[in-house]
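I've put the structures underneath this note.
Here come two complexes built around subunit A, the first alongside subunit B, the second alongside subunit C.
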Partner chain A sequence: MKKYLRHILIALTAFLAILVVNFALPRMLPGDPVFLLTGFDSEVLSQELYDSYYTALGLDQPLSRQFADYLADVFGGGLGFSYRLNSDVASLIGERLPATLQIVLPALIISTLLAMGAGLAAARKPRGITDTVMTTGAALLGAVPTFLAGMILVVVFSFGLGWLPYGNLSSPGMDVGTIEGLFDRIAHLILPIATLVLATTPPKFMMLRASAEKASEEKYVLYARSRGVEGTRLSFRHVFPNVGQPFLAMTGLNFGAMLGGSVVVETVFSVNGMGLLVSQAVSDLDYPVLQGCLTVISAFILGVTVLTDLLLLLADPAARRKNRAH
Partner chain B sequence: MRTRHISRPHKSLPLAGENKAAITALAAGCLLLFVFLLAAVAPSAFAPYSPSDTFDAWLPSSSDHILGTDDAGADVFTSLVYATGRTLLTGVASAALALALGVLVGLAAGSGGVIGALANGVINLFAMIPKLPATIVIAAFAGGGLAETVIVIAVFGWVTTARAVRAKVLHIKCLPFADALTAAGYSPARIAFRHIIPNTGEVILTRYITTLAGCIMTEATLSFLGLGSVSSPTWGTMINLAYRRGGFAMEAYGWLLAPGAAIMLLALAFWCLWYFAEHRSRDVSGKSYAD
Partner chain C sequence: MKRTAKLISVCLALLLVTAALAGVLSACNRDGKNADEFVIGTSAGIEHADRSDYDFDQLSAGLTQQALVARNTDGTYSPLLAEYAVSEDGRDYTFTVREGMCWDDGEPVDAADILFTLEYADAHDSGGWLSSVTDTAGETTPSKLLSADVSEDGGSIVFRYREADVRALSDLTVLRIMPEHVYRGKTIETATPAENRVGCGVYRFESYSADAGTITFVPNEHYPYDGDLAVKRVVVRLFASDGTLQLAMKNGELDTIWKYSGGVEPSFASMLAENGRANIIPVASDNLPAVLAFNTSASPFNDADLRKAVVYALDYSRFASLFASEYAETPHAGFVPPTTLGYTPDTETLSRDLSRSRTHLEAGLARTGLPSLSFTLSVNADNALHLSYARQVKLQLEEAGISVTIKTMNQNDFRASTTNSGGNVSHQACIIGYTANGMKMMGGLGTIYMDGGHAVQGVSQVFDAAFDAILDRLSAAATEEDYRAAAKECQEWYAANFPAVALFWDAQLQVLSPEWTGAHADADFGLINMTTWLTLGRA
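Our next item is the complex of A and B:
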């Protein structure tokens, strides 16, 4: 119980730390805060415009007042204003978040299941043939940068074989509501999801394999074996419940890494989601957008952490029983 | 933990096959790394042309230009070779900085008391922050110079090292010699720096190798997104240029894919070295700290 509470508390602190850093970076760095908050430089801004931005951004106010305004903006749902795209950051992200989640959520589920199956299978007979093949494969995959994996998939399956479409999430004129549109959407999603799965499965696999291998030497496994429990049943019923908790906690944390990986994947596949927004903001130096995205991603991590911890708390018999005793 | 240490029979007793694999990995890793280092130190020995030579733009790969030429007519293989040094330098420097940070914080976290709790809190906090998005934001503010890039990468690259060092420090502190030193009246700082750090050497070495691969990967991703320096390009910058200047449309796959493949080979070289080091340390202590 305490462990989970502590975990949630750390996630909350991390989120608040991101907020503070976001506030502090443009104001504390040596550059001019007006340029850092708007993304414009002195060539674009006339003196009058500069002055009007200076007051509009509240830079004439004391820092404490600025911080209060900033927090009000974050929690009030504005998340700052992009002067380059002339829109508030929250609605920019809101428009693009569905595309990102359509890639990230399936990828998260698939990579978790893959890592689970492969990790337990490999740990069943450490240094056996399955283990060697899978571990070597994971090491090779782990060395492939995400953008290279994506580009190879595009070159092979979109340009070479022509099996799958490239770019965006729907062909022009397709409506996702119809059956045809739905299949079209799925065809567009396959490669981005596959890229993200390839990029994020190896570390999860390695982690689960290591802990499952360690658990296989425990006496309860020996006892189960001597009762004739073997194969998948042994892995899933006896080993996994004992090693699954840190694995699932890591999977929850991994959500942040997947949203990060989505920046690369969406750039490679030119999917108009939050990741592409980030990579465009990088080339435009649109700081408010970058910061807004970081805030949203951190908020997601906070939410997912709380959710996984609650689920693990419900699934953890030790914690459950202790609760009942109180 | 100690009971496992004793009761666990040496799992890796039939060592012949594994030893062979570890030594093959070491040889392969060293060979690859040696080639990359040579290319970094003496690029002119590898590159067929000088980096300022220009030819026709968008040439496909041929015997004259193994990987073709880019939009400005520069030979891609030559640019690739000349970018090796910068890529390695950024990786080595940021990994060194991350390692130093990780060792210090890990040592503090393993020391107990208020400082230990505080350092441990910092580790947990950083582990929870989304690494890539946070790195992107800070890199965008910091600008793309070498020093800035190195610092930005190191800021989020030390966390796993700190964890591994902390675990090892906590383990060492349970050993009798640590108690003996305390009983002999040595100060905690002296014990930490003169006696505990030297004993974490093997963890630090394996962590440095993994951190190096990780830092090079992060740098490549940042450069791919356009946060790298244009004046002295790395492999990541090359891919970014190839991608933004229409490498896909022109089917300039050599320009698009070769730098990524080079990064992959480099990461594999480090992985081979890591595999060997891990294998060795498992042989010696029967336990792995470098997750």
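Our next item is the complex of A and C:
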């Protein structure tokens, strides 16, 4: 438990460090912080507007005051203001985050289950046909950039076979609150989720397969085998509980990679989510939006990491025994 | 019993999965086109579909908003929101709102709206119509108009110009009239989205769905048109990726592609034409997509011979074959494209002449005392095409013994080092594109990009008495003849001094599905314009 509390403390320190970097970057980068923090360039800003932004951004205040205001804004839920989009960053993220989570969460669950099933199946008979096919497939898939995987799926399933929509989250005029709307939403989500699953499953599969192969030579597995336990039961009841910890840790970290991957997926499938917001903010040099997104993504990643730590603690047989003894 | 229950549970689960699958499958591919729908694809980053969104504002210019006049591709003008008449001395323009013109909320459009639009532009966009404008350097430009008087019946307005302005109509093609009853006491930023969507075009805004990535427009029932519109709904599909947008067009999901002040890439247009998915409509335009501009106030290009050494070492036909469409032309030394008002074909057609380049190089090096010609070529790293132009420039110049270092910069740094807006023009030469609007500004002919004294542009940093005199003549031209004479001088000055060269002249390529016919090409707004909607029909 002490170890877990230490992890929470580390996560909080990391988050604070991110906030400090976030605050310092636009003030340290070469160029005028007014242009960086508003996203406008000198061509479109009159002196009058420049002065008003300078004051509105608090750049006429001492640095300590600016940092205090920044922290108050972050913890107050505002996350800054995008002058380019004329909206506070929290609202922008709030509008976009649900769309991103509709892709990322199912993709996380599906890729985890797929990697688990495939990894354990491949490790049952190392270098057998199943293992060779799956490992080769995973190696190939791992080498395909997410953008390309998405485009291939669009070309084949949308424009080639005409089975699935090529983008967005729903058809025009569709109400997602109805059954028809729900099915329509699912149809629109299939390809973006599949893309993210294809991009994030191979590393998890490879890792679990290697750990499970190693574990299958352990005495407890041999003992279970000698008792006649085989196949799925052996993998899930005896192998997985002993190799699951690093897999869970990786799945937690994978969440961050998926949020990153959503930038590409949302661009390919024109989904109006947070990934697209980040992508547009990069091209528009909308620093407040980038700062806000970075804060939220960091908070998510650290939150998931802390949660994973807790799950690992609960799943750790030694830790459980220790708790019971107390 | 237990076994039967298990069997029933499995069957029910299977049934549920099958039903869900059937539901999803029936929902698949519901995004197809309806027969009376016209689908426009765009990768413009529209965030919220109202006039406060720059891209939506530009898109709606061809659907829901109207300027007083429109410019045709042959350089002539057609009435749009108003009929117009010009006085004999060329100083008075009378605009009479066309019969029956109404805002889509039912209010009539009148001349007071036109006056309000001028006042709004002066107050919020440095319009300079009725008020003088003072720039950041403290220089004051007097207003273009002495007065704008609304007639008693409210149907007409007379613009009285300070002096005859041959480009008056050109300026008005992009000034879209705003509804006074909506914006009185408000700005586009403070108005509600619904208010920012009120227009007077052939269509009116119907809906925007961020989830579906669509904006839809339906016919404006108040628009005075007796015929039957072929398009009953215009659907604008928003794409985040150009790749998916192009695939959708290639697969017949779209009827056209919209890009503000631009067309599609030539290679993509050819592919569409080959697979029969689109007809290509070249629209002659005043813009220059590829320019090599010199900083004529700094070494080494403050020497005209060294500029000419570069100009004659470039292979213009190679640029056209690599990057331009089949409608491209080899540029002239006079710089401006043939669609420009006042264009003269009399300046030399540019071509590679290595011996001429060498002569100028030797003369330039002897005069400046430089051992060789080597320079830094600045490029905006965000523009992949410009990077390709830069690489080709480097390759060709190095064959002529001129050394080039390509310096890539982000957009902000590029602007700061190549224009007066940054306060310190530090580039030696750069690859840049000039917009049709920019080419028309001030005296026209791209002079804002050359003039070192221009408050914002001045890429070529020209400080030359002869050039200033030409600028004065362009501004003072009271008749078209005067303007053409000054424009000819300007192009001859460009041809003699080479402050910049166009790498090629090209048309904007617009694409239209072969299912439709009758689209009208507008020099400012491409295919998406009011006339198109009235003439468009099923092929």
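Points worth noting:
Criterion: the second predicted complex is superposed on the first by the 313 of 326 C-alpha atoms of A that agree within 3 Å, B and C clash if a C-alpha of one lies under 4 Å from a C-alpha of the other, contacts with A are read in each partner's own complex, and residues count from 1 in each chain.
One rule holds for everything that comes next: contacts are C-beta pairs under 8 Å (C-beta built on N, C-alpha and C of every residue); 3 or more make two chains touch, one makes a residue touch a chain.
For clarity, every value in this text was computed on a predicted model and none was experimentally measured.
After superposition onto subunit A, the modelled positions of subunit B and subunit C overlap sterically. Contact with subunit C, but none with subunit B, is seen for A:269 once the two complexes are overlaid on the shared chain. Once chain A of one complex is fitted onto chain A of the other, the partner contacts of A:99 are limited to subunit C, with no touch recorded for subunit B.
Using the contact criterion defined above for the overlaid structures, shared-chain residue A:283 touches subunit B and also reaches subunit C.
Of the two partner chains placed by superposition, only subunit C is touched by A:168; subunit B is not. Once the two complexes are overlaid on the shared chain, A:117 sits clear of subunit B and of subunit C alike. Of the two partner chains, subunit B and subunit C are each touched by A:159. Contact with both subunit B and subunit C is seen for A:151 once the two complexes are overlaid on the shared chain. Shared-chain residue A:180: touches subunit C; no touch with subunit B. Comparing the listed stretches 57-65, 75-83, 165-173 or 183-191 of subunit B against subunit C after superposition, the clashing one is 57-65. With the contact threshold set out at the top, residues 31, 151, 154-155, 159, 267-268, 279, 283, 285 of subunit A are in contact with subunit B in one structure and with subunit C in the other.
Touching subunit C in their complex are the following residues of subunit A: 31, 35, 41-43, 46-47, 85-86, 95, 99, 151, 154-155, 158-159, 162-174, 176, 179-180, 182-184, 186-187, 190, 266-272, 276, 279-280, 283-285. Subunit C makes touch with subunit A in their complex at residues 20, 23-31, 45, 47, 52, 136, 189, 207, 209-214, 216, 235, 238-241, 243-244, 247-248, 250-251, 253, 382, 410-413, 415-416, 419, 421-423, 456. Of all residues in subunit A, only 10-11, 13-14, 17-18, 21-22, 25-26, 29, 31, 36, 126-127, 139-140, 142-148, 151-152, 154-155, 159, 207, 210, 217, 253, 256-257, 259-261, 263-264, 267-268, 278-279, 281-283, 285, 287, 290-291, 293-294, 297-298, 301, 305 touch subunit B in the complex they form.
Interface residues of subunit B facing subunit A in the complex, by the touch rule stated above, are 8, 11, 18, 121, 124-125, 127-134, 136-138, 140-142, 213, 217, 220-221, 224-227, 239, 243, 248, 251, 253, 256-257, 260-261, 263-265, 267-268, 271, 275, 288, 291.
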